[in-house]
Amino acid sequence: MPNRLRSAIPYVLLILLTTPILVGYLWLFISSMSARTYGLRPEGLTLENWRFLVEPIRSRPSIWQVLLSTLAFAIPLGLLDVTISSMAGYALSRLRFPGRRMFLSFTIVLHAFPSATLLIAIFFVLRAIKLYDSILGVVLVSVSLGLPLGIWLMKGFYDNVSWDIEMAALIDGCSRLRTWWSVVLPIIRPGLAALLIFSFLGGWGAYIIPYTFLVTATIQPISVFLQSLTGDYTFVNYGVVTAVGLFQLLPVLLFYLFTQRYLLNLYSGGMKGGA
Amino acid sequence: MEIALDNLSKHFGKVKAVDEVSIKVPDGEFVALLGPSGCGKTTLLLMLAGIYKPTTGTIRFGEKVVNDLLPKDRKIGMVFQSYALYPHMSVYENIVFPLRLQRLPANVVRDRAHKMAELVQVQGLLDRKPGQLSGGQQQRVALSRALIKEPDLLLLDEPLSNLDAKLRIAMRAEIKRLQKDLGITTIFVTHDQLEAMTMADRIALLNNGKLVAYSQPHDLYDRPKTLFAAEFIGSPPMNFLRIRIEEKDGGVALAGEGIQMPLAGEIAQKVKSLGGGREVILGIRPEDITVATDSGDAKAEVYIIEPLGRDMLVDLHVQATPVRVLAPPTFNAPIGASVALTMDRTKIHLFDPQTEQALLN
Amino acid sequence: MPNRLRSAIPYVLLILLTTPILVGYLWLFISSMSARTYGLRPEGLTLENWRFLVEPIRSRPSIWQVLLSTLAFAIPLGLLDVTISSMAGYALSRLRFPGRRMFLSFTIVLHAFPSATLLIAIFFVLRAIKLYDSILGVVLVSVSLGLPLGIWLMKGFYDNVSWDIEMAALIDGCSRLRTWWSVVLPIIRPGLAALLIFSFLGGWGAYIIPYTFLVTATIQPISVFLQSLTGDYTFVNYGVVTAVGLFQLLPVLLFYLFTQRYLLNLYSGGMKGGA
Amino acid sequence: MEIALDNLSKHFGKVKAVDEVSIKVPDGEFVALLGPSGCGKTTLLLMLAGIYKPTTGTIRFGEKVVNDLLPKDRKIGMVFQSYALYPHMSVYENIVFPLRLQRLPANVVRDRAHKMAELVQVQGLLDRKPGQLSGGQQQRVALSRALIKEPDLLLLDEPLSNLDAKLRIAMRAEIKRLQKDLGITTIFVTHDQLEAMTMADRIALLNNGKLVAYSQPHDLYDRPKTLFAAEFIGSPPMNFLRIRIEEKDGGVALAGEGIQMPLAGEIAQKVKSLGGGREVILGIRPEDITVATDSGDAKAEVYIIEPLGRDMLVDLHVQATPVRVLAPPTFNAPIGASVALTMDRTKIHLFDPQTEQALLN
C-alpha cells in the first residue's frame, strides 16, 4: 500500500499543475455561452455571444470577411513556404556550391532571430515597394521569416533520402530535374505535407506581422480581429471575445486532430530514432 | 561490349581516389574491382556509371569514348548495395521505370517486365512495395530493374553485402550463372576477396587508387605478384616470415629465427639464383604447412587452436612471429606445446622486403 | 562568354532581392546617428539619439533598469527551459510508460499551437494565482510555451545516444540517475548549450507575452520598452527608436557570432546527416 | 564461477524471446550463444547482465540466485558490439570508470589500470579520446574496461562483428587466448557460426528462443542432432537430399531422384534398422562428396564453378536439388556438364523429415 501511495504522488502533482489550464479552457467555453460569469458559475445561458456569426459586431467587418482574409493570408503562405523550402532544401542537401556552409549557418541564425527587432526595417521596406497594408506584403514577409526553419526541416528530410536512389534514377534515364520531381519529392511527401500544415496553421494564428503591417480592418486576419475586440473599448465584452476565440480555435483543433500524424513527421522524420 | 579504361584518374581536391588505372574488360566477361575500403573501387564504378567525371584518362565503351556522356545515355544497368528501390512505387513500377522513361509502347513494357520478373523469380511480388520485401527479394527486383533495359554493361556495387551468410552463398552462384547465361559484360565492386574469387572471371585488385593486379582468380591465389596481393587474397591469410637465403656446403636453405629449411631440386636452383645471404620475406599459406611433434623446418609454440569443423586452424608462434596452419580436425595439443612445422616446397613464395615484389614467379 | 553571363544571372537576381533588406539595415544605422533623414541621406549627424544610455527618456525607466528586467526574465527562462527539457526529454526518449506516445503527439501539437489564442485563458490563470504583472509569472508562462520544442529537441539528442552506453554505465556500477548525470548528460552537452542560448535569445526578443502580462513599466523587458517608444505618442522620434533598436540588436548579433556553432547543433545534432 | 540458467524465459508481451532455456556453464569455460538474428541470444545475454529481468526461471551465479540483482551488484564485465566507450572521457578515464565508482584508493586504481592497459596492449593510447581510436583499439579499451573490475563473469556481445576480416581472424585467437590465460568464465553472443566454432569451448545453439543444442564445437559439426543444427553450422552449408531407404536383394541403398547409393558394412546395418521404404533427408557436407566424370552415387549437372583458391566450390544440380561440392583446385568442367557424385559413407547424416531429428547418432 505505501508503495501504491508513493506511485500516486506524481499523478496528484501533475493534476494539481494541470488544473489551472483546464479551468482556463473550461471558463473560455462557459463564458462564450453565458451573459456573465461569477468565477466558473455562468449566469444567463445565451447564444447572444455567438451572434457575430450572422451579423457584424458594430462597425467591424463580418466574421466571414475576416475568415476570407485569414485564408487569403494563410494558404499562399503555406504554399509558398513549401515550394521555396523544398527547392532550397534540396540544393542545400545535395549540391556543393561556394558559400553553402555559410548559408546554412545564416539560415539557422535567421530562424532564431528575434523578429520584433526587424519590424521597423521591414516597415520601411514594405512602404518603399508599396506593399504596406496589403495581404501580399504580409505574405511575403511571413514567408521570409518562415523560410529558415522550413529550409532546415526540408534539408533534414532530403538528407535522409539516400544518394543511391538518386543515382539509380539518373542511370535509369532521368534528368536531374526529373529525378527530383519523380523520385525524390514523392519520397519526402510526408515532410511536405507536414510543413504545409505547419505553415498554414502558423499563418492562421499569426499576430504580430499582420497587426503591424495591415491597417485596413477588412483585410486583417482573425487573430488581429480577436485582439482588436479586447483592445479598443474601455468596456470589453468578454463573452464575445471568448466566443470569437473559440471560433478561431475550433478549426485549428479539428485540423490537428486529423493531421497530427503528419505534424509528428515534421520532427521525427528529420531525426533519427523518431517517436 | 568491350570496356577499356585508359590511364583513368579521379582526384577529389588533392586526394587521388583513382590513380592512372588501365583495364580492358573483354565482351561478356565478369570482372571484380576488389580492394580494401577507400581503395577507389567505388569511385571507379561511379565513373563507369557516369556519376563522376574522370579527371584525366578515357573510358571507352566499345569504340566510343564516353567520358562526357550522361548516365542515362550510357546504356548501363546498375544494382546498388542498398538496392536503391523507389519506395513509393510498387515492384512492377520499379522494374518498368527505366522503360517508361524511354516511352516504349505499353505492351512492350508489360511483356518485358513479365519476362524479366520470371528470369529473376519475382513474379509473385509485382504488386508489393519494396518495404514489404526481404533483402534477397529486394536484390532480385533491383537486378531486374537493372537488366530490363537490356544494358550493354551491368554494374554491381557490393551486390552481396546486405545478405545473410547462407543467402550470400546461394546468390553468389545465381548471379554468376545469370551473367554467364545473359552474356552481359559485368563489373562489380567488392571488398570481400572470397566474393571476387568465386564470382569473377578476372579480378582487378586496387590499393590506394592504384591497380596492383589484374588477373584470373586462381592466378592471383597461386602466383601473387606482390606482397599486398598475397596478403589480401585468401582466408585465413598467408603467413609471412622474415628469412635469409643461406648457401652452405653447395646446398641452399631458408633460415630465420627458429627456422632452418633446406631446399633441393628446382626450387633450390631458383632460390640460389636470387643470391646467398639475401634477406627476403617467405610467404606460405596455412594449408601448405604441416604440423608434427618431432622435427621439421621450424620450431613453433601453440598459441591457441580454433576448430573450423573441416580443419583445425592452429595459431602458432615461431619465435615472435604468428603463423597459422590448417591441420586435420583430429589435431590436438595444449596451449604452449612445442611443435615442428614442415612447409610444402612447391607452395612457397618469396618477396623482396623493399619492393614487395614476388621473386619466384 | 554567354556561359559566364548565364551563370551571373542568379547572382544579379539575388542581389536585387537582398537590396531592400540591406537598405533597411543601413537606414537603421544611419537614422540612429542623425537628427533627420531624407531617404538614406542623413542630415545633422548627432549622438543625441543615444542619450538614453545615460539619461532616462522622459518619464520612462532608465535603459539599465530595462536591461536588468530583461535579464531577470531571459536568464531564468533559459535555465528552467533547459533543466526541464533535459529531464522530460530523457524520460520520453528512454522510458516506456503508459501515455508516452500520446504525450509525444501532444507535445508537438502544443508547440505548433497559436499561442495568441491562449492569452486570454492564461490571463485569468495568472490573475487567479496572483502572478499577473510579475516577472515570475511571465517566466513561467514563457517556459511552458517553450517546453514542447525544447523537450522534442532534447529527445532528439537523447535518441542519438546509444543504449549500449547506458547499459555499459549500469554494468560498470552506476545507478540509473548516476548514469544520466555522469554519462548521458555530458554526451549531449552541445545540445544543452544550444538550447540554453536559443531560449535565452528567445527571452531577450520576446514581445507578446511580456507585453500582455506585464503592466508596470519598470519590469518590462527591452522589446516592450522599444515598442512603447513607437506606440504612445502621436509624434514618434524615429531616431531614438532606431538607436534603441540597435542597442537591443547588437548584443544579440555578438552572441550569435560567438555561439553560432552551438545553435547549429540544435538542428543538426538531432538530425542524421547534419550540415 | 559456475553459471546456471534454469528454465529461463523472457516474454515481451506475447513474444517469447527466450523460452525455457536451461544451461550450465562450468567455471572458467568460454561459451557461445549462437543463432540467427531474433533467436533470443542477445535477450539472454542482457538477462545475464541484469538489464532485463527474467519472466520466469532462475539465473544462478555460483550458488546465488541473481534474478533481482542490479547490474552493478553482479560482478560482471561486458563488451558491447558498439564497444560503448564513453566519448567524453579519455581512454584512461574509460578504463578506470568502474573502479572510480567503487571508490578504490587512487594508487590501486592507477596500478590496476596500467596493468590492464599492458595486458590488452593499449598503453600508448591512455590520453586519447575514444573517437581517435581505430575499431580494433576501441575493442581493446572496451575489453580492459570490462576486465579491470576482475569480474566473475565476462559477457561479450558480437565481439568481432565491427572489425574487418583480417583483424577479426587475429582478434579471434587473441580473445580466446586471453580468456584461457585469465580463466574468467565468459559468455559471448554471435550470429556467425565460424566465430562460435573457433572461439567457444561449448556452443549453445538457439532458435526462436529455444535451446536446440548445447555441446562442443566438433560435436556440433560432426554429429548434429537436428536438421537446424546441421544447416546452421558449417560453410558452405551441408547439402540436403530427399531420399528413400531401399532394401533389395538383402542389401540396403539410399535412393532418390537421380540418386542410387548402395551401402555396406556397419552403416548399412544402421540404416536398415531404420526401416525399408522410409522417406528420410540425407545430409552431407560439401567436403565429403567427390566429383568424377564416370560413375557414382548420383548424377548431377554443373550449375556453376566457384574458385575458392584452396578448393573449387562446385555448384551442381541433382535433378532440381542444388548440391555443393568442394573439389580440388584443378577441377574444371563447363556449365551444364554431366558429372557423377560419390559420397563418403562414414560422413552421411540422416534426418526424419517430420521431427527434423538426426537418425544415425
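First chain written, first letter: the chains are A, B, C and D, and each begins at residue 1.
As a working rule, a contact is a pair of C-beta atoms (placed from the backbone, for glycine too) under 8 Å apart; a residue touches a chain by one contact, two chains touch by 3 or more.
Because the structure is predicted, anything quoted here is derived from the model rather than measured.
A.B. asks: Quick check on the contact graph: shortest path length from chain B to chain C, in steps?
C.D. replies: Each step joins two touching chains, and the minimum needed here is 2.
A.B. asks: Counting in whole Å, what is the centre-to-centre distance of chain A and chain C, each centre being its mean C-alpha position?
C.D. replies: Chain A and chain C have C-alpha centres separated by 18 Å.
A.B. asks: What's the distance between the Cα centroids of chain A and chain B, rounded to whole Å?
C.D. replies: 56
A.B. asks: Would you give the residues of chain C that are in contact with at least 2 other chains, written as numbers and ranges?
C.D. replies: Residues: none.
A.B. asks: With chains as vertices joined when they touch, what's the shape: line, ring, star, complete or other?
C.D. replies: It is a ring, because the chains touch in a row that closes back on itself.
A.B. asks: Which chains touch which?
C.D. replies: Chain pairs that touch: A-B, A-C, B-D, C-D.
A.B. asks: Mind listing the chain B positions that touch chain A in their complex?
C.D. replies: Touch residues, chain B against chain A: 46, 49-51, 70-72, 74, 76-78, 80-88, 97-98, 101-102, 145, 149.
A.B. asks: Could you pull out which chain A residues touch chain B in their complex?
C.D. replies: Touch residues, chain A against chain B: 162, 164-165, 167-175, 178, 183, 186-187, 189.
A.B. asks: Across the complex, what residues on chain D touch chain B?
C.D. replies: Where chain D meets chain B, its residues are 36-37, 164-166, 169-170, 172-173, 176-177, 180, 192-194, 197-199, 217-218, 221-222, 233-237, 285, 287, 303-304, 306-310, 313, 315, 322, 324, 329, 335.
A.B. asks: In the complex formed with chain A, which residues of chain C make contact?
C.D. replies: 20-21, 23-25, 27-28, 93, 101, 104-105, 108-109, 112-118, 120-122, 124-125, 128-129, 152, 156, 159-160, 198, 201-202, 204-208, 223, 226-227, 230, 238, 241-242, 245, 248-249, 252, 256, 260-261, 263-264, 266-267, 270-275
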